[in-house]
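Look at the two complexes coming up: chain A is in both, with chain B in one and chain C in the other.
Let's turn to the complex of A and B:
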């Protein structure tokens, strides 16, 4: 049976927000500067930036914080550190970020599951929200433009209100309760028509993109393309492109000794994980001073390859969801996946055409 | 299902003995009472934690792991230096075993060639110990061990005994004579590749290789000259496995996590992966950290 769909008139949004607040702390995009948005705790509907496209950091930060303690060494014993998470409702997550969460889920669920991430993730509700692409959005190329997983409830903006679908059982329950409380109405045919029209219009609205089916061979065959050296020369190895990415999960594990500890590690200590970046010079260094990716170009190529087909084998998906965050946050303007892929594809095509049949 | 325990939790390992070996290498023997490491197979590794300092991946170097586990450690960074300051009776954290190890079951019934370069001898030791423990299940055993300087030799005492055995052919070489005279160990001057050319290697041998990244290309070339099938060449790849459980990304090679899919790979699995085995001298760079 298809689960019921609902309609929420915009003037009743504050009531819907109250329903969300009754579940836990609500976070939503908030305008933090002239051009940037950030997921922050909100109390009132007026604080929410409904127009926000990409927040500075993706919602991964709620489940995979920049720094967290995993294990402790205390009084000579090794103990695990797992905090009891508080229920969080994340409102206003767009399709690219939902796909991103889905990818993070797969990585952290893969055996052995990451208790720290999963506990926080399973104590949350994700409310998706539709969006209209800008010139940097290319989720359509990556096939992540329609919400598939990673969310509980999804809202599509149909002008005077929202067309609402429930995905998970906790999402459906929220909607059923809100319906019983007369916050929501059942969606009518007219709403469904506008909903369909919205998604059709949206699929026509993408300004940028590329063909994805030959991505793997293009990347592999153009591994020596001169464009890489050019980009490598301009990369600052600042690592901006990775924390902003909804699917970058790499971390470092570091020890923090308690102040009372001695240098030899005989005192109390914490083992912490912190976000790391494959763009940093030491990322692929091993004992004996070998570095598998010594130059910026090596690291940049690695990153592109990982985003565009690195997980095809391990998990059967690509790890770019087309949000455009890396493009807008690269100080050198070289993290332009669309542009680079187009250059590589053109090069490929020219070679193919130049070949005798 | 959310696992109840964090996968980053170590168990306590207590240092039972420390045997100094050549060139800042110590052989540590740890007692571990929970038995969580006892299923350790040749080629697998553990994460060793010195609380307050850090963790590092170390391959297991004994063929049998029960309540005691042996790790060969070279003093190289902060973690290993801290470990070197410890004494018998002190404890560290250990977690694992991780990775796939060498496919010992698949090697059975065949000739097995073990190729070790430098510190790669530590994981290869777990292979020969295992093979000698199950001697009748293997065909010919050939052990090839190359190192930079004559005084780099590890497990010198063990080799004295091994060299007397007739059921394993051992070839040892160093590139240069350095340091004091050695006990009478049959050692020549040369490289691993020279030894590989000397040894009698049947074309249907299985090969287990572990050594510095620069060594692999040359070893593979010679094995191909000897008509060894690529599918039978198993290489242990070195990466910095920080988490050991396929999450942190540091050991990512092509499309795989070295810590989970590796560190041992059959050559066909990785030969087309960029940066899997090639590592030229130009990529040698400053110190760790």
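Let's turn to the complex of A and C:
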């Protein structure tokens, strides 16, 4: 049975926000500088930046925080830190970020499952919101332009209101309750027509992208393409491309000792998990100081491959969701994935055409 | 950790805090946090903070400042001979700071002449080219900062008190900046931010206030100076300003050396 769809007139949005607030703390994109947005706690609809396309950090930060204490060493015992998560509602998540959350879920749910991530993720509600692409959006190329998983409720902006779909059972319950409270109406045929037109218009609105069908072979066969050296020469190894990525999850574990007066030298300390980046020189350094990705070019190439091909064999999907955050967050302008893929594909095509049949 | 026989606080590990040529900023940070250390250590020498100071060997000595005068070097050698762990604290002790950075622009003799005039010759007889501690003695732990970060200082001390050499990473400031979700001042405001090539530890203090990082913690591990220079030049900064910023805090970097010649 198809679940019911709803219509929310924009003037009634504050009531819908109140319904969300009754579930838990609501977070939404907020403008933080002349061109940047960030998911922050909001109380009023006027604080929300509905126009935000991409926040500096993706919503992964709510479930996989930048720094998190995993265990504490106290009185000679190891105590796992499992906090009771507070219910969070994340509003205004676009399709690329929903895909990103779906990928993070798959990775963190994989056996044995990451308790710290999953507990927080399972006490949350994700409210998706439609968007129109800008010149850096290429979710269409990555096949992540339509909401599929990683969310509970999705709102499509149809001018004077929102067309609303529920995905999960907790999402459908929220909508049924809001309908009972007369915040939502049932979607009518006219709303459905405008909904269909929106998604057709949106699919025509993409300005940039590439064909994904030969991406796998291109990434393998163009491993020695001279473009990598050009990019490597400009790479700062600042690591900005990875914290901003909706699917980068690499971390460092650090033991932080606290001062202790114990005579035997034992005492309190904690083990923290902090976001790390494959772009840092120390990331691939192993015992004996050997580094199997010593130069910026080695690390950058690794990252590109990881995003565009690395997960094909293990999981059957690509971990790039086409949000364009890396492109806009790179001070050197070398994380333009679309531009780089186009260069590689053209090089591949030229070689293919030069081959005898 | 060695424990001297005795009563009262005498069983506690011993520390000393000493200063060479510097602004005493590190000594202040240590003084401000001394109450947290006092239950765990006995402060044998800290001339900046106490009038009663003893001689003899200690477990840990924290040394601030660069070696810029002959008596700095004599003092440093005495310190090294009398301590188990030698911790260089602050940019001066780890990299040489501005007094060494200035040597990228002119010779020490020219600076002394300009500052001291007719008294220059007697000053020059005592002066040395400013250098970090490890140019002269073996240093066990390097904790940079201008000033140092208090929580890093306490964690380093806690590790040493357990006989562990602390693990100090030199990832770039950009990491701390992104973790705080700051808008990038290098991208959005075209400021000459040195975050990509500077060691983190400050919590991205300046960029969090909308200002460019000026590199006071010294370089991160393998800073990409070539790329940094290229990007700042593309933003319209003159080579002289870029190199001046890169070398201001004393770090020896290939571009700085080239520029000096």
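The rule is simple: the second predicted complex is superposed on the first by the 352 of 357 C-alpha atoms of A that agree within 3 Å, B and C clash if a C-alpha of one lies under 4 Å from a C-alpha of the other, contacts with A are read in each partner's own complex, and residues count from 1 in each chain.
As a convention for this text, contacts are C-beta pairs under 8 Å (C-beta built on N, C-alpha and C of every residue); 3 or more make two chains touch, one makes a residue touch a chain.
As the structure is a prediction and not an experimental result, all values here were calculated from the model.
Touch criterion not met for A:194: it reaches neither chain B nor chain C. With both structures placed on the common chain, the touch criterion links A:54 to neither chain B nor chain C.
When both complexes are overlaid on chain A, the residue A:257 reaches chain B and chain C alike. Of the two partner chains placed by the overlay, neither chain B nor chain C lies in contact with A:307.
Chain A has more of its residues touched by B than by the other of chain B and chain C. By the touch criterion stated above, A:299 is placed in contact with neither chain B nor chain C. In the superposition on chain A, contact of A:136 is made with neither chain B nor chain C. With both structures placed on the common chain, the touch criterion links A:282 to chain B and to chain C. Shared-chain residue A:234: touches chain C; no touch with chain B.
Once the two complexes are laid over each other on the shared chain, residue contacts for A:32 go to chain C alone; chain B is not touched.
On chain A, the surface touched by chain B in one complex and the surface touched by chain C in the other have residues 252, 254-255, 257-258, 261, 265, 267, 269, 276, 281-282 in common. By the touch criterion given at the top, residues 70-71, 73, 76-78, 80-82, 107-108, 110, 112-116, 118-119, 122, 223, 249-255, 257-258, 261, 264-269, 271, 273, 276, 278, 281-294, 298, 301-302, 305-306, 309-314 of chain A touch chain B in their complex.
Across the complex, chain C is touched by residues 32-36, 38, 56-57, 61, 66-67, 233-240, 243-244, 252, 254-261, 265, 267, 269, 274-277, 280-282, 296, 328-329, 331-332 of chain A. Those residues of chain B that touch chain A in the complex are listed here as 1-12, 49-55, 74, 76-77, 82, 85-86, 91, 93, 119, 212-214, 238-240, 242-243, 245-250, 252, 254-257, 261, 274-275, 279, 282-289. Contact residues of chain C toward chain A in the complex are 1, 36-37, 39-40, 154-155, 157-159, 161-164, 166-167, 169-172, 174-175, 178-179, 181-184, 186-188, 195-197, 221-222, 224, 226-228, 230-231.
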